[in-house]
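Here the chain labels run A, B, C and D in written order, and each chain numbers its own residues starting at 1.
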Amino acid sequence: MSGIFEGKTDGTPIAGIVYNTNQKSKDYSNIKNTPRPGHGDLCWMEKYGIYDYNGGGRGSGRTTISHVIGGAIAKKLLKTQGIEIISHVVQIGDIEAKYIDYENLKGNIDKNNVKCGDLEAAKLMEELILSKKEEGDSIGGIVETIAIGVPAGLGEPVFGKLDGDLAQILMSINAVKGVEIGLGFESAKSTASEINDEFHYDENNDIKTRTNNSGGILGGMSNGMPIVSRIAVKPTPSISKVQNTVDLKKGENTTIEISGRHDPCICPRVTAVAESVTAIVLADHMIRGGFIHPTNLNKSL
Amino acid sequence: MSGIFEGKTDGTPIAGIVYNTNQKSKDYSNIKNTPRPGHGDLCWMEKYGIYDYNGGGRGSGRTTISHVIGGAIAKKLLKTQGIEIISHVVQIGDIEAKYIDYENLKGNIDKNNVKCGDLEAAKLMEELILSKKEEGDSIGGIVETIAIGVPAGLGEPVFGKLDGDLAQILMSINAVKGVEIGLGFESAKSTASEINDEFHYDENNDIKTRTNNSGGILGGMSNGMPIVSRIAVKPTPSISKVQNTVDLKKGENTTIEISGRHDPCICPRVTAVAESVTAIVLADHMIRGGFIHPTNLNKSL
Amino acid sequence: MSGIFEGKTDGTPIAGIVYNTNQKSKDYSNIKNTPRPGHGDLCWMEKYGIYDYNGGGRGSGRTTISHVIGGAIAKKLLKTQGIEIISHVVQIGDIEAKYIDYENLKGNIDKNNVKCGDLEAAKLMEELILSKKEEGDSIGGIVETIAIGVPAGLGEPVFGKLDGDLAQILMSINAVKGVEIGLGFESAKSTASEINDEFHYDENNDIKTRTNNSGGILGGMSNGMPIVSRIAVKPTPSISKVQNTVDLKKGENTTIEISGRHDPCICPRVTAVAESVTAIVLADHMIRGGFIHPTNLNKSL
Amino acid sequence: MSGIFEGKTDGTPIAGIVYNTNQKSKDYSNIKNTPRPGHGDLCWMEKYGIYDYNGGGRGSGRTTISHVIGGAIAKKLLKTQGIEIISHVVQIGDIEAKYIDYENLKGNIDKNNVKCGDLEAAKLMEELILSKKEEGDSIGGIVETIAIGVPAGLGEPVFGKLDGDLAQILMSINAVKGVEIGLGFESAKSTASEINDEFHYDENNDIKTRTNNSGGILGGMSNGMPIVSRIAVKPTPSISKVQNTVDLKKGENTTIEISGRHDPCICPRVTAVAESVTAIVLADHMIRGGFIHPTNLNKSL
């Protein structure tokens, strides 16, 4: 609606609207007075004294469309600098994908419905998700994001660290309950001699590390290796199984069965969001770090 | 040095200086041209073209003293609202502490050197740490932070979510590689019917949940339950064991043995930092959320 | 489009769209390659390498509609605190309005086309504006804004001073070239003994000043007296008279006669913008200062 | 105290302390309960419920030392880009300096005590100031700041306009009551045909304007011409003449005679502050606009 002129950004904010064409508000009328367990409904009520229950309001994954739009623009920008980002599902429930190298990962992600690089695991994940759907339940998982081509030196210590900014935006994605960089929680069990990424000069005389346990970030700054993050996605809280909750109007305990179209697992969709918010943070730091001239963006896009 | 007048804050910035009285810069002279594996030295060099190696610069845990000072003030403020925060060690290497209820936790934390609420685990943790010290190595761990008395409604969706802000500041602590809220990565393996926190009216007719798998945060806002976070702390990268690195001056591969006083495990010290930064974020949101009048702070402190 | 639910704000951003129904883009085709003197066209070209000349882009007063919408909401909020704001024209060209007390000012502003409180001056101002229109020229003026009922203590020294924030937003209004608080430039000619506002206890034992040369702001904070600002508005740069400019395509000097509907004096319209941005800054500081609980806004609006 | 390593900035915050070696706190004891007219004392009391009266607290011009230190660094940075800034006194009371071209201005400013480029006016200004000092009174004035060599395209419309940011920081200087860019309030009396700066190609085929009534800023962005601002400085409110005020302790009207060392006119000193804050804003926008790479600053300084 604004910001684009003759196919180029013109320096004004880029605005767009996505109309929700298949929303059925009646689907949500039953949650008007009965907050859904695992959802923010009640927090909204308590914070603002009012809650727009239609479509689940801000609690709905729908809101992430704006992240994806912003991310699409950020990716165009990063591409001009040789940076590319992919997100993929590495775990659903207790099914873990095995390691797949980057090139095969890129090739496989879109060959299956769960956005997993390990095609055998993908089959099992899909079966698990469908069985949970049968039960009127949902299941969680883990999404990994890899950014390659990121120059060393992104991140502004102490209060604008790259890992801090990534953690904030990734944790802010609906349903995310955990964020890891590199080895993450695995490093809690390790010794420095096991996980320190040792430096050496490669054949081009560039300083590299053979391992990437740091996930490409040291001291809050990128070190030139791929930026690797993982997020824990909880099972979609909206399920059709009977759950205990309260009736705010009657002031008494009650139960709720949530109808409507709900994903039994949102991990495959979350990959697009994780990819997008990571792109936004990296593009922002490319600009803050002086790697790109904002005034020249429209020429490079 | 400023900001305090006649024992009260006077509205001007509170400034203080802590002089490092026992720094031995010679300890660091050997890292002038040989970046330490697992440290940000090289990132600083590549970002700024210069690096103050004395005392490890910003890469040193020393910098967190400012977080602790800020946290001390934030805690005084939160205390006036009945909010209290404790951090404790729940894991060192593969030794996990068993669950301890809040009151015993508070009592036990300072009864041992590793700030662990489970006194038997604490003994084993201490032994493990000392053995690693013997080997000239170091070990990682997990620190949990619990904030009780936090009102429902803290957090500003979409871009100032409480879990997002906590994740940012916790991930920004030196050596932290992962952040979890509530069940965290465990929720990836779970179904909604297993982990949704169901609502009910308690005896005082307050809406409560029996479980707290959400860690007190839903939709980016506090829900009135305790705020629970966990951070993965990597082993201190500075170790005396021989490691491979590069000599930036000679432009060739070399090795480094880092002398100087280095903690074989920083988790016990990180508890103070995690507690402080959590206090800062909560105090900030108490103000942003209108629960406290900044203009009245000096009367309440 | 969002943010309002059942007649109340629901905590989500309030979004709206105003479609420009009577824009005639052809009006602007002639400025495609010939930057208009007194306009930012050329700066946009040089900054962004591209310029959306339709409707004058961001250089057009049209953009201030968003300020007015935001201001309308801010005013509703301030009204709940007994704060009201009016802007009026005090000078057009060399015609100055004489002092009119607040109540008569309120009554008179809408009784004339130039939003002036002095009805006789208003007639002369209108004549002057129309004569300039005849000549295909335009004329500048001064707009004064008065906010009453503002409590003492708004403003956050050193970097969030109330006068600093007002100056920024007022100077950011298109065509504004000067901002004064209270006596403004007059104080440059004065002595302290002439203009210091002396304190005294009034009949209600409230501390008041008889004069208000400070314009209600001292040390960057409100002092409880009316907040008074004045802005210098330059003549609308778009005029139909022949002006010298350059042809960016041919790279040679040329002339321009700007057709289209252009106000010969925008001061009357600027009153709505000045009123709105002042309301936004005051509402913001009422929240920052803890005078209002954001979480309760929807109850008070 | 930090931020400088081996003579270069090292990416960490630059911190310094200036101890006030000749403060005589007794000078201020008499204002403990009697707010000084024209000062922010009472606002501080009302906002924070407490006021550090020693040295006049934040109301004292002493606080601007930090602006000057920051400005000194910003100027070093701008110098690498060929930008230079000078501030000079153009009016004291009703004595106005006549126009002096830039080169002579630079030469004359430091040849007199009032930092005025017109040496004859300077004499009269000095006499006026001294006569006011005799009377135990003070006098105001106007300070002009000129920045040359600023590239076109600095400023981020709508909310980070260059004139808006300059107005904010200039109005935030203690005792400043008005800010003008270019013609400022004079433009209120003018027509567009009189003051629009017309464009032409100069001998080097650069687009220039013969006049600079816009003060180098159009549409909130720099246009390549010198950036010219003027600020109205009120007379120092601290005077030894008897003034009416209130005794907050006794709750009754009283009078005050302010002893201590007070400048009868602070304009000459304000030149250093105006110059510094202008440098800070321009340096900030040079970085935001991508004209400078922050990561390379330490190499260029």
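Going forward, contacts are C-beta pairs under 8 Å (C-beta built on N, C-alpha and C of every residue); 3 or more make two chains touch, one makes a residue touch a chain.
Just so you know, these numbers come straight off a predicted model, no measurement behind them.
*Asks:* Looking at where subunit A touches subunit B, is over half of the residue numbers used by both copies, so same, or under half, so different?
*Replies:* Since more than half of the residue numbers are used by both chains, the interface counts as same.
*Asks:* Just to confirm, which listed pair, A-B, A-C or C-D, duplicates the contacts seen in B-D for more than half of them?
*Replies:* Checking each pair in A-B, A-C or C-D, only one repeats B-D, namely A-C.
*Asks:* Can you work out the whole-Å distance between the CA centroids of subunit A and subunit C?
*Replies:* 42
*Asks:* Need the CA-centroid distance for the pair subunit A / subunit B, whole Å please.
*Replies:* From the centre of subunit A to the centre of subunit B is 23 Å.
*Asks:* Taking the mean of the C-alpha atoms as each chain's centre, how many Å separate subunit B from subunit C?
*Replies:* From the centre of subunit B to the centre of subunit C is 47 Å.
*Asks:* Residues touching two or more other chains, restricted to subunit C: which are they?
*Replies:* 11-12, 44, 47-48, 58, 153, 157, 289, 295-296 - these are the residues of subunit C that touch more than one other chain.
*Asks:* State the interface residues of subunit D toward subunit C in the complex, per the touch definition above.
*Replies:* 35, 37-44, 46-48, 58-59, 63, 91, 93-94, 132, 135, 137-142, 152-153, 155, 157-159, 161, 163-172, 174, 177-193, 195-201, 205, 207, 209, 214-215, 218-224, 232-239, 241, 243-246, 251-253, 289
*Asks:* Using the touch rule from the top, collect the residues of subunit D that touch subunit B in their complex.
*Replies:* 1, 5-6, 8-12, 17, 44, 47-52, 57-58, 295-296, 298-299
*Asks:* In the complex formed with subunit B, which residues of subunit C make contact?
*Replies:* 11-12, 153, 157, 287-296
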